[in-house]
Structures are given as structure tokens and as C-alpha cells.
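Following are the structures in question.
Across the two complexes that follow, chain A remains constant while its partner is chain B and subsequently chain C.
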Partner chain A sequence: MTTTPTPRFQVGDQVTVRDATTMFHTRTQGYVRGHTGTVTEHRPAWIVPEDEAFGIIENGRYTPFYVVRFKQTDLWPDYTGFEVDTLETECSELWLEPAGKEKK
Partner chain B sequence: MSTTHSHAPLKESPLTEFEVLELAVRELAIEKGLFSADDHRRFAEWAESRTYTVGSRMVARSWLDPAFKERLLRDGTETSKEVGVDWLQPTGQGTPSDYTYFYVLENTPKLHNVIVCTLCSCYPRPVLGMSPDWYRTPNYRRRMVRWPRQVLAEFGLHLPPDVEVRVHDSNQKSRFMVMPMRPEGTEGWSEDQLAAIVTRDCLIGVALPRADVTASQVPKQPKGRNGGNKR
Partner chain C sequence: MASTPTQYDSFQRQAANLTPADRLPLDSPYEISNELYGLLRKVLHDLGGQPDTPVPFTEKGEEDWEMNTYLTCECLGWRGVWNSEERRRRENDLGATQYFGLPYYARWITTAAKALVDRGLITTDELGRKMDEVRARLEGQRS
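After this line comes the complex of A and B, so read on.
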């Protein structure tokens, strides 16, 4: 975890959260998986929770993190609020793909 | 069955899995000498004495001091030190689990922010203290991301359709606090006066500050109930 990895995604990029399953600890919520949003900010890189939770720090996967903004109407097909409403959350690079690559 | 007094029997609810785990780890740590029972008690006492007034202070100062506001929005972690909060070493011990980033979310006439943690109950404790009970309930956590406007309405907050409601699900290392807009009727107020109307719920984003409401004043009896409740 000595070198800071170069972020694969830039602010403004459309990204899709991988629709992967997890066996143990993750911080990627089920409700964002398979959904597409926009990168709005970079966050400092750190060890992905999947490794950190088990104390794998030295050899843990140290990746960039991102703030991803979703339109609520994209997350929930029957969203009852308004078109302008959004939700932001953070994802490690491990969980993100360029939009369109992920098959839902 | 005969007892000397009529109190209901003292019933303890069963411990949850996590409470058992915490007790076991704590006792082991004490036995191993990592910290003492008194250290633990002091930490708990310290942690529980933090309150949202730090957050209120930050917002009030931001309303009065544009340079402070700019610093706070740009680097919340660093700027917190100006009001005596060190996120990296809140205890002075600097344990790795204390490691977090702090971001302040500014409301605008077209944007309303609100915070939740769907995964557990992440909360910016160094500046807001302990979270309210409802913030930790599965009900708030699952519904705020799914039906935010309905949940806000249940708190009495109705926002117009052209105001974007932005929910922040704090699922990683970041912690968030909402910076509400300064309400009308507060012109010429001091920092102390302003801080008094920035209540906890305004900093979570389920309420808006009002010039006539402070957290310490007893809410008036609603007129429609109990016929005015004359005593």
C-alpha cells in the first residue's frame, strides 16, 4: 500500500456497479449492484473492505475509491419521488465497470 | 409469589450476538492488558459526552465567515481541528479504526442533502455525538434510500418538486454532515445565536433550521390537541 494507484475512472464517467455476489464482508450495497451512475468525486485510495475486514492490510488490495451518484429513478423503477432526486454512495474500483459493460 | 413491593419483576432482554462479541473481546483485551476497565469506561464516557453542538458551531461560523465555510467544504477533516475536533486522533490514541474522512454537504435553494447508513449506522460522531435511536433503526435505514420524500414528510419536512433530494449513504470511510441554508429572520445574529437554531436533525438533514426554534426550548403544546391543555 505504498504507491497510490492511478484511478481508472474520471469525474463525469458513467460507471456500472458490478452485479457480483459476495461470500463474506463487503460494503457494496445490494441495491446499487447492476445499476449505472456517474462518478462525481475521487476519494483517497485505501484497502478494499473485503480485505480490511479480515486484517489483510500489508498485502490487501489498495484501490481508488469513488463517489458515484445515481438517479433515484434509475435505482428504483417505481420510485415515487421526483425526477431530480439522487443518491450518492462510495465504491471501490473493484466494484466498478465502464457503463454498458456489465450485463444485468 | 408474595413480595414486599408491587414492582414488576426486573426483566433483562437477551443479549444480541454483537453484544456478546463486544463483551468477550473487551474482557480479553482487559485480561491481556491492552487497556484497563477504567480506560474503557473513560472512553465510553468521553464518546457519549460528544454532542452535535460542535456541528452547530461549524455551520453557524460558516454562515458568518465565508473563508471558514470555504475551508470546511473543501477539507472537512482538516478544518474540524479549528473547532477542536481531530478526526484522525479523536481519542489522542489514534487507533486505526478511528480513520475516517469528514465531508460537509451544503444545501442550496435547489439541493437538499440527507444522510443515512444502510449498512449499519455510520454517523459523524466526533461532530454530532451519538446518533439518535431512530437513525440506527432498519426502518429509517432501508426507507431513507428508497422513499426519501415520504420519510422526510414523516419528520414534517416537505420539499418542493424542483428541489433535488440527495441521499448520502455513508457506506465506506467517509462521514457526512449537512450544512443547511441560513434561514430568514436571522440577520445580524451572533455566532452563538445562530448555533442555537442549528439542531441535530438539521445536521442530519431531516429538518431545516428556523429563526424561532432552538433545540433547548420546550416545544409548544400543539393547539389542536387536548383543547389547548389548560392546566
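After this line comes the complex of A and C, so read on.
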């Protein structure tokens, strides 16, 4: 985990959050899964929460992290706020696919 | 004005009355619907987006036991016993009853105690005995 992995996505890329089953632990919110947003920031690489949460540090998957921005109106069908409102959250690379490439 | 725990319980009951729970009791069924499975494939702490009624925003002062809990858990991390992510995962592992039933920092300290049990550093009966001892001492001080 000493070498910094090369980020697969760049700021401005459209990414879709995988709709993956997580029975025991994750930090990726259910409400963003399956939704498409825009990468707005690179965050420091770290061990994915799915490994770190079980004390798997040395052999943990060390990946880039991203801040992803979603339109609130995309996330919530009944959203009553402004059209321009956005929500940002952080995802490890494990959860992200290029937009349009995700399996339906 | 800060709400007391009793007032908070009352708010919770009012909210429950506004949105009556329409669900079957979960009792290790032989079969479950895809809809229920859809809920179970998310993690317990993933509450964002669930329907609820507004909750009053109140400032609550930090109590000594809460800060002691925070520092104890951080020191356990500093000394390499665990990390914050493991603590969060262990809070989920407490199960819904304890996760939602305990106050925030009580969840932390319960989780820390369980981590020590899991690592064989203390036993559950030692832990229970100590908790009963402390409770008896505090009750003695109050009476």
C-alpha cells in the first residue's frame, strides 16, 4: 500500500455508482447506488472501508477515492428544492463505473 | 430549549403514530420477498432517504462519560487495537435493537467492550460483573 494507485477517473468524468449488495459493511449510501454523478475532486487513496472495517490493513485494497456530485432531483423523485441543488459524497473506486457502461 | 430524554421518547411515539408501522414481524421466515431482501442488502447504519417526521434540533452538552468514551476509543485506535471504520462496522454488528436503542456514545463503548471480548482480552461474565459493580456503586451514591 505504499505506491499510490493511478486514478481511473478524472475530475469532470461522469460516473455511475454500482448497485452492489453489501450485507455487512460499507460507507456508500444506498440512495446514490445506480445513480450517475460527476467527479469533482480526487481524495487521498486509502484502504476501502469494506476491508478496513474488518481490520484488513496490510493486505487491504488501497484505491483512489473521489468526491462525486449528484443532482438532488436525480436522487429523489419527489425533491421539492431547487433544480440546481446538488449533493456530494465520497466513494472509493471500487464503487464507480464509467457512466453508461454499468450493467442494467 | 433542549428536549429531555422523556420528551424525545414522546416525540418518537408521536412520529410512530403519524406513520404507523405496516410490517410483518421478522421471525426467521422460510421465504422472504424480493422487496424485503432489497432492504436487507443494505447496511443498518445506511439511514439516508428513509421517510420520517421532522426532529427538533437541540444542542446537547457533552457529558464526562461521553468524552471519556470518545478518548478511550481513540486511544484504542492509537494503540493499534482497532480503527474507526472497524468501530462503525461493529456498531452495525450490534444489531438493530442495540444500534437504535442505545445512546450514541453508549453504542461506542458497548462496541469497544465487545471488541475486547472478541479478542479474548476479557470475558462476557467479567464484563457483566464489572458493569453490575459500577451500577451498584453509582446507585449507592445516588441514594
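One rule holds for everything that comes next: the second predicted complex is superposed on the first by the 102 of 104 C-alpha atoms of A that agree within 3 Å, B and C clash if a C-alpha of one lies under 4 Å from a C-alpha of the other, contacts with A are read in each partner's own complex, and residues count from 1 in each chain.
By our rule, a contact is a pair of C-beta atoms (placed from the backbone, for glycine too) under 8 Å apart; a residue touches a chain by one contact, two chains touch by 3 or more.
What you are looking at is a predicted structure, and each value in this text was computed from that prediction instead of being measured.
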item	value
Partners on chain A (chain B, chain C) - clash or fit	clash
Contacts of A:31 with chain B and chain C, given as first, second, both or neither	both
Contacts of A:81 with chain B and chain C, given as first, second, both or neither	first
Touched partner set for A:65, first chain B, second chain C, both or neither	first
Comparing the two partners chain B and chain C, which touches a greater set of residues in chain A	B
Touching partner for A:49 - first (chain B), second (chain C), both, neither	both
Doubly contacted chain A residues - partners chain C and chain B	27, 29, 31, 49, 75-76
Chain C - residues contacting chain A, complex	40-43, 46, 48-49, 82-83, 85-86, 88-89, 92-93
Chain C contact footprint on chain A (complex, rising order)	21-27, 29-31, 49, 52-55, 57, 75-76
Residues of chain A defined as touching chain B within the complex	27-29, 31, 43-44, 46, 49, 65, 69, 72, 75-76, 80-82, 84-90, 92
Of chain B, residues touching chain A in the complex	101, 118-119, 145-150, 161-174
